[in-house]
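So, here come the structures, one by one.
The following pair of complexes shares a single chain, chain A, combined with chain B in the former and chain C in the latter.
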Partner chain A sequence: MPINRLIAYIKGPGQQKAIALAALAALYTFFCIFGSHFASRETLISIFDSSYYTGFMAIGMTLVIISAGIDLSVGTVTVGSALVGGVAYTVWHLPMGVALVVIVLTGTLFGLINGLLIGKLDLPPFIATLGSQFISMGLCSVVARVQTMRYPSISHPDGWFKTVFFKTVSGFPMGALWVLLFFVITVILLTYTKLGNYTYAIGDNEEAVRLSGINIANWKVVIYTISGFFSGLAGIIYAATFSSITPQTGGGLEMYAIAACVIGGASLAGGVGSLTGTLIGVLVISVLKNGLMSMWLPVQWQQFFIGLVVLAAVLVDVIRSKKAHNAK
Partner chain B sequence: MSKPSAPTPGADLILSMRGIDKRFPGVHALKNCQLSLKRGEVLALVGENGAGKSTLMKILTGIYPEYAGEVWFDQGQVRFQHIREAQQAGISIVHQELNMLNNMTVAKNIFLGRESEGFFYSERRLNQLAQSLIDEFHIHVLPTDKIIDLSVGKMQMVEIARAMSFPQTKVLILDEPTAALSETETSDLFEKIRALRDKGVSIIFISHRMGEIKRISDRVTVMRDGEYIDTVVTQDTEIDSIIKMMVGRDIGQNIRKSASRIGSDAETILEVRHLSSPKVHDVSFSLRRGEILGFAGLVGAGRTEVMRLLFGADRLTGGEVLIRGKPVLLRKPQDAVAAGLGYLSEDRKRYGLVLGMSLVGNAVMASLNRFLSLGLFVNFAACLRATERFIQNLSIKTPGPLQLVKNLSGGNQQKVVVTKWLIRDTDILIFDEPTRGIDVGAKAEIYRLIEELTAEGKAIIMVSSELPEILRLSDRVVVMCEGRKTAEFDISEATAELIMKHATANTN
Partner chain C sequence: MKRHVTVVALALVGMLALASFSAQAGEKTIIIISKSLQNQFYQAAFVGANAAGKDFGVSVVVNGPDAESNIPQQVEQVQAAINQRPAALVLAACDPTSVQEALARAKENKIPVIGFDSGVPGDTSGAVIGTAATNNVNAGGVVADNLADSPAFQAKVKAATAANPAVIAVLAQDSTSGSIVQRTDGFVYALKKRVEALDSSLVGAVSIGGQDNWSVPSSKPATVKIVVTVPPTTNQADIQSVANAMLLVPNTVAIFAANQDAVNGLISSTADGTELNRQTGRYKDILVVGFDAGSNQKDAVRSGAFFGSVTQDPYQMGYASIKMAAEAADGKPVSDIDTGAKWYNSKNIDNPDIALLLYD
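Up next is the complex of A and B:
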C-alpha cells in the first residue's frame, strides 16, 4: 500500500525533508495571511525568480557537503564569472552566446582548481575554498579592471538570454524549469552513478573508500568541478537578474547555499543529504526573503530570520538523531 | 628457534614472504621477516602490539608498496603496488577497525569500488548479488539494511562476506576479528572460517586471544619486535609456550585469585540499589574499600550500560546510588566526578585521552582547578611535578611528561588515564575492559597496577569479557546477562564454567 510506505518514509529516512516541506508550507501560509499582497501569482513567480542563482549554487554545494566538504568560494565565483562574462561581451566584443559559455567555463575552472587543491594536494576544503574565495574575487575584479560590468537590457537584441529565464508569454517562471532540469540530471548522477555512490561514501567514511582501492583524489576533483560548474550557471542567472555586476562582491552568497543544504537535511559531517531537501531549503529561503519584504521589514530581518531557520533545522536534526539513538 | 629460509610456493604453499625488511622514519618495523602459508590452512599470526603483524599484512596487501624482500604468491613472485592489485590477485583483508560506510546499505558496502564497469550502476543488481552472498554466509541481514542499524557481529560478518566476494579469494586475512564479538558470534565466525578453509581458502588469523588461537588455527607464527620468531603446529604446542615466544618471558596466564582479600568488616564505599534504565533491569550491588569487583558477561550484557548510569552518562529510570552511605544524584558525569568516581572507558582513544596532547596535559585535565595560581593561571610547574610523580609510581614508559600521548603504547596510554583520575584523588575507579587492545606483556603491568591501587584503599569495578582477567583480579564477581544481574560470587566460589553458565542464562 503506497500510503503506508509514504508514512513509513516520512517517519524514517524522509523525516527531515518532510519537516522542511511542512515548514515551507507553514511559512508560505503565514505570509499569505500576514503579508501584504503576498498571496498572488506575481509573488509566487517572484519567489521562484529570486531563487535561481541560490538554487544552482546549492545543487553543487549539496554534492560537496555530502562528501563531507565545503565550498566557500561559490558566491564570489558566481559573481566573478559573471564579471568575466561581462568583460567577454563588452570589452572583447564576443557574441552573447560565447560570453555565456565563458561564464560557465570560468566557474568550472575555479571548481577544478578547488578540486585539485583538495583532492590532489590534500588541503582541507575549508581552507582551500576560503583561499579561492579571495582569489576569485580579486582575480575577476582585476580582469574587469575594477569596472562595473553591464549586461544589455531585456529589450536589447543581445538581452535574449534573459528571456530564457524571466520573461515568457504566459508569465511562467521559466528559470524554474532550468533549475529543475539540472536538478534532475544531478539526482540521476547521485542515485545511479558511481560518482553519486562515492560522493556519499567519501562523506561517510573516507578511509573505507580508500581501502577499497578507489581513487578518492580524482572523485573529489570531479565533485568540486561540478560545484564550480554550477557556480558558473548561477553566474549566468546572476547576470540576467542584476544586469550590472559590481567587482569585489559576491562574498556571503555561498552562505545562502550552505543554509539551503542544511535546512534540507544535509549534514556538514558528510554522508547525509539530498537534493530534494536542498531544493526545499532554497524555496524556504526565497519565501522568507519575499515574505519579509511583503511585510515591509528591512533586508536585515531576512538575514536574521534565515539564521533562525538554519538553527531550527539543525536543532530538529539534533533532537531527531538523539531520539533515534535513545531508541536503539 | 631456527630460522630456515621460506620455501618457494608450490603445490603445498600458497604464499611465502621472505627477507621482508621495512623501515619507517626512526623505526625499524620489520627485520628480515618471513611467513609461509599453506593451501587450506588457518595460520594464526601472533605477537605483542608493535611486533609488526599489521605492517607485514600491509606489505602483503599492497598498502605499503615500498619494502625490501620478496613475496611469492600462488605461482610467481609478486609486489603489489596497491590494495586493489592484491584483491584482484586473490588476497583480501578484513581490518581490525571496521571500516564501513555507516549510512549506506549492506549491498553498497560489499560492492564499494566494484559497482559496475561503467559510470552507471544498478542498485537492484547490487542487492541481488549481495543477497546471494548473504545466503551463502547465512548472515541475518538484508542487502538494503543500513550498516548503522547492525550489531558489531553482523558488521563483522558483512566485512568477511565482502572480503570473500572478490572472485577467487585465495588468502583471507582477518585482523583481530573477534575483538568486538560475543561468544556466540565468535563461534559462528569460527564455523564460517572452517567452512572456508575446507573449500581451500587459506586464512591468516591475527588475534591476542590464546583460547581462540587454540580453537581455530592449524599453525601459529609468532613475531616479536619486528622479527620472525617461529612457526609451530597448534596442536602440539601449549598456550604458555606460545606466550613465552611472544613476550620472551614466562608470565603465567593461568594465575587466579583463590580468596578475597577483603574482610567482611571493610567499609562499604558504594552501594547501588535497583538500578534501572531501558537497557538495565534492577541491578543492585555494593563495593567495599580496597575491593575489586569484577563484572563478567558477554558483550552486550549491559555491563557498560550499568557503568554509564553509575557515571551519570545516561539517565536512569529507577534505583539509587549511595556513596559512603549517602544517596547521591548522578545526573551528569560532573556529578559522578565530584562524588569521587573515575571512569576508564573501554575506548581509551575516543573517550579517555586527547591523543594529540602531552602526557602532562592529559594527566591534569580533570583536575586543572587544583593547579591554578590566582584562580586563573595554570601553574605548569606544579602540573609537571604531580605528573612526574605518577610517571614514576606507575612506571609509565615515556621519554618525559611532555611526550604526546599518541606516541605511547596502549598499556602506557591506559596508565595515563589512570593518572588522570589519581591526580583527582578519585576513590572509586571503574575500569571498562582495561586491557582491550593491549598486548600480553603490558597486560601484566596493568594487572599489577590495579592491585596496587586497591592496596592503597581504592575501590575498583572492573568490567571484563576475558574470564582469566576476572578470575585473576576480582574479589567478587557480578555476572550479567541481557541487562540483568544473574549471579554474584565470592572469588573463592567462582569458576569459569559457573560464570559462563550465568552469563548465558536465559533470564526470560
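Up next is the complex of A and C:
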C-alpha cells in the first residue's frame, strides 16, 4: 500500500520535511485569512519572485551544510557577481549574454577559491568563507569603482534576460522553472552520484571517509565550487529582479539561505539535509516576508519571525532526535 | 513540552492577528514608503502623513527599508504594497530605476502614485502623477530674505565702498546636484534683489560671480559682491579648505553654506564653530547661514555661532503627499506641491514645531 508507505515515510525519515510542509501550508492559510489581498495570483507571483535568488543560494548551501561545512560568502558573492556582470555590460560594453556568463564565472571563481582554501589548505569553512565574504564584497566594489551598476529595463532590447530568467511580460514566473530545473539536476547529483555519496559521508564522518582512502580535499573543492556556481546563478536572478546593484551590499543574504536549509531539516553538524526540505524552507521564508508585509508589519518583524521559525525548526528537530534516541 | 509549544504558538498567532486588525481600521488605505524607515527626517514626514490621514479620513500605513542603500528591500516593499491594492501609494524611491517595473504594475492596476521628498525622478512608468517636495529655488530665497532682514547685514552692505566691497560668500558643495544648484540660484538672485532694494545707491552695484554658472556683472563698480565657490571635489577635506579660504577674504559679511556637508566643512574650519562665537570669536562679525540640520549645525545655531539656517519641511512633505494621494484616490486631478522651507535660529530652534523638523 503506497499510503502506508507514505505514512511510514512521514513518521520516519521524512518527518522534518512533512513538518516544514505543514508549516508552509499553515502560514500560507494564515496570511490568506489575516493578510490584506494575500490570496491573489499577484501575491503568489511575488512570493515566487522573492524566492529565486535565495533558492539558488540555498541549493548550493545545502550541499555545503550536508558536508558539515558553511558558506558565509554566498550573499556578497551573489551581489558581487551581479555587480561584475554589470561592469561587463555597461563599462566593457560586452553583449548581455556574455555579461551573464561573466556573472556565473565570477560566482564559480569565488567558490573555487573557497574550495581551495578549505580543501587544500585545511582552513575551517567558517573562517575561510568569512574572509571571502569580505574579499568578494570589497573586490567586486573595486571592479565597479564603487558605482551602482544598472541593468537594462524589460522594455530595452537587452532586457531579454529578464523575460528568460525572471518573469515574462505577461507575468509568467520563468525563474521558478530555472530553480526547478537546477533543483532536479542537483537532486540527481546528490542521490545517484559519487559526489552525493561522498558529500553525505564527509558530513557524517570525515575521518572514516579519509581512512577509506578517498581524496576529501578534491571533493571539498568540488562542493564549494558548486556553491559558488549557484551564487552566480543567484546573481543573474538578483540582477533581473532588482536592476540596480549597489556596491558593498549583499552581506546578510547568506543568512536567509542558511535559515532555509535549517528550516528544511539540514543539520549544521553535517550528514543530514535534503534539497526538497531546503526548497520548502525557501518558500516558508518568502511566504513570511510577503505575508508580514501584507499585514503592514515593517521589516523588523520579518526578521523577528524568520528567527522564530528557524528556532522552531531546530527545536522540532531536537525533540524528534531525542525521541528517536529514547526509542532505541 | 508539547503543551508549551502549543501555547507559545497560539500566543504568537494572536499577536499577529491583533496587529493586523489594529492596522486595518479605516476604509481607504494609503501606503507611504520612504527611503529609510528609521531616519529622523522621514519620521517627521510620517508624523505629517498620519496627521493628514486623520484629517482626510484615510488610513495611512508607513514603511521603508532599513537603510537608503537597501534598494532590494524597498523594491520588495513596493511590490508587496501594490499587491495589496491600496487606494494610492506615496513613495520616495531609493533608486528610481529599480522600482520602474513595479510602478508599471501600479499604473496597470490604476493605483495612483505620489512622490514625496526626492520622489521618483525620471519616472517612465507614468504611474507617478505628482510630487510633494521642497522647491529649492524658493528655499534659497528664504535664506536670502532672512539674511537681508538683519540690521547688522544691512548696515555693513550700505557702508561698503567700491574700494572695499562687502563680500557674501556661497559655499556650494557641487555644481551638478540639482537641489544644491537650485538652492544657490534661489539664494544669489533673491539676495541681489533684496540688497538693491535697500538703498538707491546700491542699484546696479551688486555683482554675482565666482563660477561660470553664476555670473552677473554689476552695471557700475561693485560695492557688494556675491561670490559662489565650488570645491574641486565633494571630499570633506576639500570643502574645508575652501571654507578656510572664504573666511580669510577681507570684508566678508556673510557666508551661506548650501547643504549639510558644506555646513560641516565650515564648522570644522572654525575650530568647531568656536571662532564664530559672537563675543570672542575670531570671525565674530561674519554672519553664517546654513541649510538642512544635523547635530553640529543645530549646536552652531543654538549657540548663536550661526545666524540661522533653513530646513526643509518633512512634516509638510508627509502631510501634503497624503492629501494629494487621498485626492487622487477620489479621482481628482493633482499637481505638484512645494512643501516649503522654514527659517530657524537660536530663538526658535527649540520650539516644538521647529524641533520636529530638525534631524541630528
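Here, the second predicted complex is superposed on the first by the 323 of 328 C-alpha atoms of A that agree within 3 Å, B and C clash if a C-alpha of one lies under 4 Å from a C-alpha of the other, contacts with A are read in each partner's own complex, and residues count from 1 in each chain.
What we mean here is this: contacts are C-beta pairs under 8 Å (C-beta built on N, C-alpha and C of every residue); 3 or more make two chains touch, one makes a residue touch a chain.
Since the structure is predicted, the reported quantities are computational estimates derived from the model, not experimental observations.
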item	value
Touching partner for A:Asn218 - first (chain B), second (chain C), both, neither	neither
Partner chain in contact with A:Ser294 - chain B first, chain C second, else both or neither	second
Touched partner set for A:Thr193, first chain B, second chain C, both or neither	first
Partner chain in contact with A:Thr29 - chain B first, chain C second, else both or neither	neither
First (chain B), second (chain C), both or neither touched by A:Thr163	neither
Comparison of chain B and chain C by chain A residues contacted	C
Contacts on chain A seen with chain B and repeated with chain C across the two complexes	none
Residues of chain C defined as touching chain A within the complex	1, 5, 12-13, 16-17, 19-20, 23-24, 29, 37, 61-66, 69-73, 75-77, 79-85, 95, 97-98, 100-101, 105, 124
Touching residues on chain B, where the partner in the complex is chain A	63, 82-84, 87, 95, 99-104, 108-109, 112-113, 115-116, 119-123, 278
Touch list for chain A against partner chain C, complex	30, 34-38, 40, 42-43, 46, 49-50, 148, 150, 153-154, 238, 241-244, 246, 249, 289-290, 293-300, 308, 315, 319
In the complex with chain B, residue positions of chain A that touch it	192-195, 197, 200-201, 204-205, 207-209, 211-214, 271-272, 326
